[in-house]
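The following pair of complexes shares a single chain, chain A, combined with chain B in the former and chain C in the latter.
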Partner chain A sequence: MNAMNDVSSKVDRRADDVVLAVRNVKKHYPIREGVFQSVVGHVKAVDGVSFDIRRGETVGLVGESGCGKSTLGRCVSGLSDPTGGGVYFGLSKAEVARLDTLLADGSAAAQAELAQMERRHRIDRLEGAAQRHFRRNCQMVFQDSFASLNPRQLVIDIVGRPLRVYREASGDALTERVVSLLEQVGLGRHHLYRFPHQFSGGQRQRISIARALALDPDLIVLDEPTSALDVSVQAQILNLLYELQRDRGLAYLFVTHDLSVVHHMADRLVTMYLGRVAESGDTNTVFETPQHPYTRALIAAKPDLNDDEGRTMQALEGRVPDPARPPQGCRFHTRCAVATPMCGWEVDDVVRWLESSKGVFDALEGVDRTNAFDAALRFSSEAAARNLASTLRSDAIPAAMQQALEDVTVSGGAVRVRFREVPEVELTERGPGHHAACLINPSHSSSGAN
Partner chain B sequence: MVDLPSPSRAAAPVVRDSAFRVRMRRVRDLTAQILSNPATVIGSVIILAMFAMAIFAPWLTAPNTPDPYQMPRDWAATRMPPGTPGYLLGTTNEGGDVLYGVIWGARMSLQLSLVVVGSVLVIGCIIGSLAGFIGGKLDEILMRIVDVFLSIPELIFALAIAAVLGPSFGNIMFALAMVMWVKYARIMRARVIQIKNSEYIDAARIIGDSKLNIYLRDILPNSFTPVMVQATLDMGNVVLIAATLSFIGLGEAGIAEWGVLVSEGQAGIASGRWWASTFPGLMIFLWGLAFNLVGDGLRDALDPRTESSR
Partner chain C sequence: MLDMTNRPSGLANSPATIASVRDLTVHFPSKRGMVHAVDRVSFEIRDGETLGLVGETGCGKSVTGRSFLQLLPIPPGILAQGTVTFHPHARCGACAGTGCDACNSTGRRPAACPSCTGAGCAQCNGSGAETVELLRLPEDRIRRIRGDRIAMIFQDPGKALNPTLTIGDQLSEVFLQHRTEELLDAAGIGPEDRGLAARLLGRLASQRNGSIDNLLLSLPPLRGKRNLLLDALRNNVAAALAETQIANPYQIIDRYPHELSGGMRQRVMIAQALACNPDLLIADEPTTALDVTVQARILELIKDLQKRRQTSVLYISHDLSLVRRICDRVAVMYAGRVVEIGRTDRIFRNPSHPYTRGLLHAVPTAATKRGQLMAIKGTVPELVDPPPSCRFVGRCPHEKALCRSKNPELAQISDEHSVSCFIHDAAGAADAPSFDEKTQ
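Moving on, here comes the complex of A and B:
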């Protein structure tokens, strides 16, 4: 079927081939304000994410809503172009290793070789046949089965459309191909001439899946494909996806906010928090020995996933902070139950705390920042300033935050607060193929994690 | 609907459906839905009667020569009241047959509304689509032009154009088209942008379909209803506005156009000759009413919120 393209012959591909490599992908949406629509900041929806998807495997991309999963999914499928980094398609394992070497190497020779590689494999640089080859081989299924099907098209036109676009079939041959696709997803010939609104949510999702299968792709990005469905229907769709993968050697990027959905489906998990990877590794390893408090909290949020060992895990409190101003250090520190003084406490944490205590916040007139860690908070009265200063020294605020404070000085109506400056927390290796971005590392010290 | 796998191939019913049959059924259902509203039925009946009158005008009354759109003049029978033999609806000051004016006025109104609404529909859809679908700089330029047009009140603008070009039926049509296309461009642009951001456009892009195909298959078919509803309403409105322009003196004197007839007949009302103005006025009213009834019915029937549930 792919004879048209030399890069594509599937026969000589090895099982551990990388279908797709995501390298340091960023997607920053500009925030515009005012009459002249000038850019006043960026929503850092995805902020430096790397991982691989190998042939035939399922990668579960998990995180609360608003963490940037869909944005990343759209970058992976080529629906939107990243504002930084790149998504590479069709590299062998050795080529991916070479890519990583080149990306780390700043020399002119390396850059030249990289540019050449990007022309053939980086999805936003592809052209012509290579572009078509990628488009055929990476499909997507969306959460909202109603919104993702054209309400004025019949099933035969919806499912047959990819075949028409690539001139694979027409007329009766097309009809038969569509029937066969419908049968593979549990629908049939009698559904050909119906409109999307004549189906249930689960059936519509089957139609979407049939459309995604039509070109026999290597990879399907599934963005919350079952989140809008009833629990019983969810299970049917998950089974269908599982069987299709087994029969066809498909790779999935399975995006979901619900860990239990990918528990049995995913070979590997990537948990994402505020545009960054919190933890990644084999599903079993991650479930058995979660390394990041965020992953632990996600597991804790699904009682059916952690009923066995009687583990007591802290569930998530509060909300995801604004991705336009992600927290310093570890982005999770504002909600982390085991945060340390090194986790990135900053001026914004004081402001956030003030916001929740109304009386003092009303007296706040302004914040003069030197940087994220150092600022003077101006109050309308000296009493309010003193009040804040003494609170910052009391146990009304988290102990870790208090310990991170290097200086609290009251001068007139202003309080100068200075926190310890820390760098951003990087991913570190916790085991073979298992990474987490947390300062607490049980294999190095016994403190911290429960 | 239950989400069950389909019966096996052997058990599957013989397929008698085809795309054509299904679409015809949909048109039928939609028609039935539209006609279930009594107001829409009344409007449709009036429209059909008006259209019949317009189309069969030459057979209903002998066309005036040389120009059938000019009112006939019978100086022997001026100011006849309705019911006079040969002059069912009476005659004007100049001996024009009011019934002739009513019938040929329908023909003029039909021409006027088809030409004006047809052209603004086409122009508005093209400009609105370009602005909405291509976006960027082109959108900005086109919308600035639209803003300029919109900043002038409709009637005053039409009046100014017609006044500059001189009183004639053709100039009124031109003035109306100049005024109205912006409304269509705006409606179309808004709808195209809305559809462009819907997920089935992403689904089509993921397949790798071309921009042109996405426009023709996804965007255009889903963007049509708002402008069609507007066009139906405007089929009535243009006749009202044209009549207004004629009434205030921009019409072509002596033609069989309802607004001109009302204008020319009004002087007689004070002396009890009500018919020369009243019958054409009634026609204008009925024409406007009928298209508004049908337009509102269409809007309700095509409302996407209710449409999806059928």
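Moving on, here comes the complex of A and C:
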């Protein structure tokens, strides 16, 4: 037995172990412009996300394209380093509690203890054997099988590579291990000596899964693993993933846009919107009593085989705002059908509205911001400024936005707008282990609950 | 759904179909023999309808879809037999494109056969409609159809976009070529200069150098309208992107494909295909990388296009719940063959091929216990030199000796519903399989 196995044998495999703890993870990509490529802003792809993945469980991660799911998946699997917060691997339940205490405690003693804990568990601070231990125990299966499989390698080399790198097998034994992995994902010996391009999209995804399984990991991050597969193969793979999980205590972070799949597979669900968690909780509870309007919109848009034939799918209006300038308050307020005056209405909402109404936008010369809620909009003519001011008082804009306006004053060609300042909407508890980041909390108004 | 049966057309026989695939057979040579990727596939796409094409991975859906545009990898692929005929649309003669009863208010109608001008002749098989055989069309003509009369959304957005051009330049090309009228309107170019201006824009589009800031724009009648045109172009491109709910369309315009996420690239490709105003849209898993709210939006856009232009859609997908919702008819493919085809409600209420039944049982739901999805046993057979038997043998729970000795043909079992399985084809015969009997 080699050094890696010693490390793994020290890990106590108890069910309430937290395989992975994600704490306030941020990933901001710099936006560079100009000849000198100076940084003019940041795309906040992931902006303060926390959750746990426990041994043997499946956490489903859903959300719209570009909301940061893949970025988060890459941070979790150590393929990219977060720009803030940390990802911790292999903590017991007690150690996670300690971690949370330390993170909240600013004292020098706490920081020293934290630093020590981070050297052993924080995945971007690991070294030597601990790092190898993490690397082999956390694998990833990607969305785009074309990009993730080396086009010049044969299947036997692709699937066998981790076994060779970690000196698990060689020669005939390696071939047999690869054949057995291929058979587990519904392929066979006759596929060993082919190149990725000789397979259809679905067959390539199975090769990726076989490769991820090779080292018998604790956690696999699955980024849209079955979205290119038809249902029959998907059923095989979902059954297979379940069996592997049951037999080996494997945990999954399951990133997908298919709500039928997460509903079937996930123990817990995290919905993400624009880099933050909108709602998280037990899967059945979330589907039965979704607390966040965004989760409700996702469920309304999902076609289901058991629906009435007449049911139409509901598209969510509006588009995902720029993650470089996420909305204030609640990030969903620009698209939320039930938004309140407290949801974070801001100067950018006026600018967004101007962008969609062409004539007025052309007259806009500049925006002088005091902060996100307070600014003077300069126009080329006083008429244009008056036009905006009267629109802001009309019902052309949402009522909630209008009520959030504390001041609209025209002076010359400028309109001063000031909205009510509100803090970012935080997650609040809605039930045991069920959290949502929405100001509307039905359980507060109905006094009877608990 | 559109009424296909009694639409006046002015042509000898109004073609109710926009395209028909007949006996399409595509082979790929491999070390162990010939892979029969697509085997005598026949179906038609009716004018204005959405036909779903579903089936297991590798069953030949994409190869079938790509054959419409000669995008098959030939060689190494071999087109063994078959035809794909297509009836392009043209501006409606009765209303000059403004919309009338004759064209279902779309302003578009099947184009008349050029050799008989609609009366019906041998070349158009008596239909009077222009008939193009796509598989054997010369390169220059198929290039003119590609992205114009027929547009395709590819399964792999990574490969479909040009990595060296910005998103804006790729989409501009489409607008310069296919949406010339709108650009000229926006630039305020009068009717007397239209013809010349349109030709100049077409030339710009075909230069494919990614830079439209060009000498051609300094020629009359475009001179002086240069900025108006460039603005209109930029606005139209941004609007097309915005329709697919991409954030910050004006910024996306200046980015390169590799700077976008998979879902964003897929939407760029969709915007590009829809902007072409095609008569036929081949959508190969167009929404696989997209989440459900955007998917619902894309489907609305496709439906809009169908209303506006009478566009027919071949919708390739593995999502049965989605196909059930959006398709008029569905074709189920298995191992290179069509095994069941018919009206959507018939297929889903009364699935009549053992494979179709298997597929429907494999759909994950919350009610099914984990690990207990009904996966169809076994794997897709190697399509190398297949024997003359039903392709589903070995996986079918009902197979009998007959199934291993003969290949069932697609046969109608009821109005608008055809199946290829001996349960229906040889029903009653002594050695015929039956749904009542499981053979394991």
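The working rule: the second predicted complex is superposed on the first by the 410 of 450 C-alpha atoms of A that agree within 3 Å, B and C clash if a C-alpha of one lies under 4 Å from a C-alpha of the other, contacts with A are read in each partner's own complex, and residues count from 1 in each chain.
The rule we apply is simple: contacts are C-beta pairs under 8 Å (C-beta built on N, C-alpha and C of every residue); 3 or more make two chains touch, one makes a residue touch a chain.
Remember, it's a predicted structure, so these values are computed and weren't measured experimentally.
S.K.: Classify the contacts of A:297 with the two partner chains as first (chain B alone), second (chain C alone), both, or neither.
M.R.: Second partner only.
S.K.: Should A:140 be classified as contacting the first partner (chain B), the second (chain C), both, or neither?
M.R.: first
S.K.: Report for A:64: first if it touches chain B alone, second if chain C alone, otherwise both or neither.
M.R.: Second partner only.
S.K.: If we overlay the two complexes on their shared chain A, which of chain B and chain C does A:188 touch? Say first, second, both or neither.
M.R.: both
S.K.: Which partner does A:162 reach: the first (chain B), the second (chain C), both, or neither?
M.R.: first
S.K.: Looking at A:150 after the superposition, I want to know if it touches chain B, chain C, both of them or none. Which is it: first, second, both, neither?
M.R.: Touch status of A:150: first partner only.
S.K.: On the A-aligned overlay, A:361 touches which partner chain: chain B = first, chain C = second, or both, or neither?
M.R.: neither
S.K.: Tell me which partner touches more residues of chain A in the superposed arrangement, chain B or chain C.
M.R.: With both complexes superposed on chain A, more residues of chain A are touched by C.
S.K.: Between chain B and chain C, whom does A:29 touch in the aligned arrangement: first, second, both, or neither?
M.R.: neither
S.K.: Both chain B and chain C contact which residues of chain A?
M.R.: Common interface on chain A, chain B vs chain C: 144, 146-147, 186-188, 190, 199-203, 233, 236.
S.K.: Which stretch or stretches of chain A touch chain B in the complex?
M.R.: Residue positions touching the partner: 74, 77-79, 132, 135-136, 138-140, 142, 144, 146-154, 156-157, 161-162, 165-166, 182-183, 186-195, 197-203, 208, 211, 215, 233, 236.
S.K.: Once bound in the complex, which stretches of chain B touch chain A?
M.R.: 1-7, 9, 12-13, 15, 17-19, 21-22, 26, 198-200, 202-210, 213, 217-218, 221-222, 308-310
S.K.: Under the definition above, what is the set of chain A residues touching chain C in their complex?
M.R.: Of all residues in chain A, those touching chain C are 62-66, 70, 143-144, 146-147, 186-188, 190, 199-203, 224, 227-236, 238-239, 242-243, 246, 257-261, 263-265, 284, 287, 297-298, 301-307, 309, 311, 313-316, 318-323.
S.K.: Spell out the residues on chain C that touch chain A in their complex, using ranges where they run on.
M.R.: Spelled out, the residues of chain C in touch with chain A are 32, 54-58, 62, 155-156, 158-159, 242, 245-248, 251, 261-264, 267, 285, 288-297, 299-300, 318-322, 324-325, 345, 358-360, 362-366, 368, 370-376, 379, 382.
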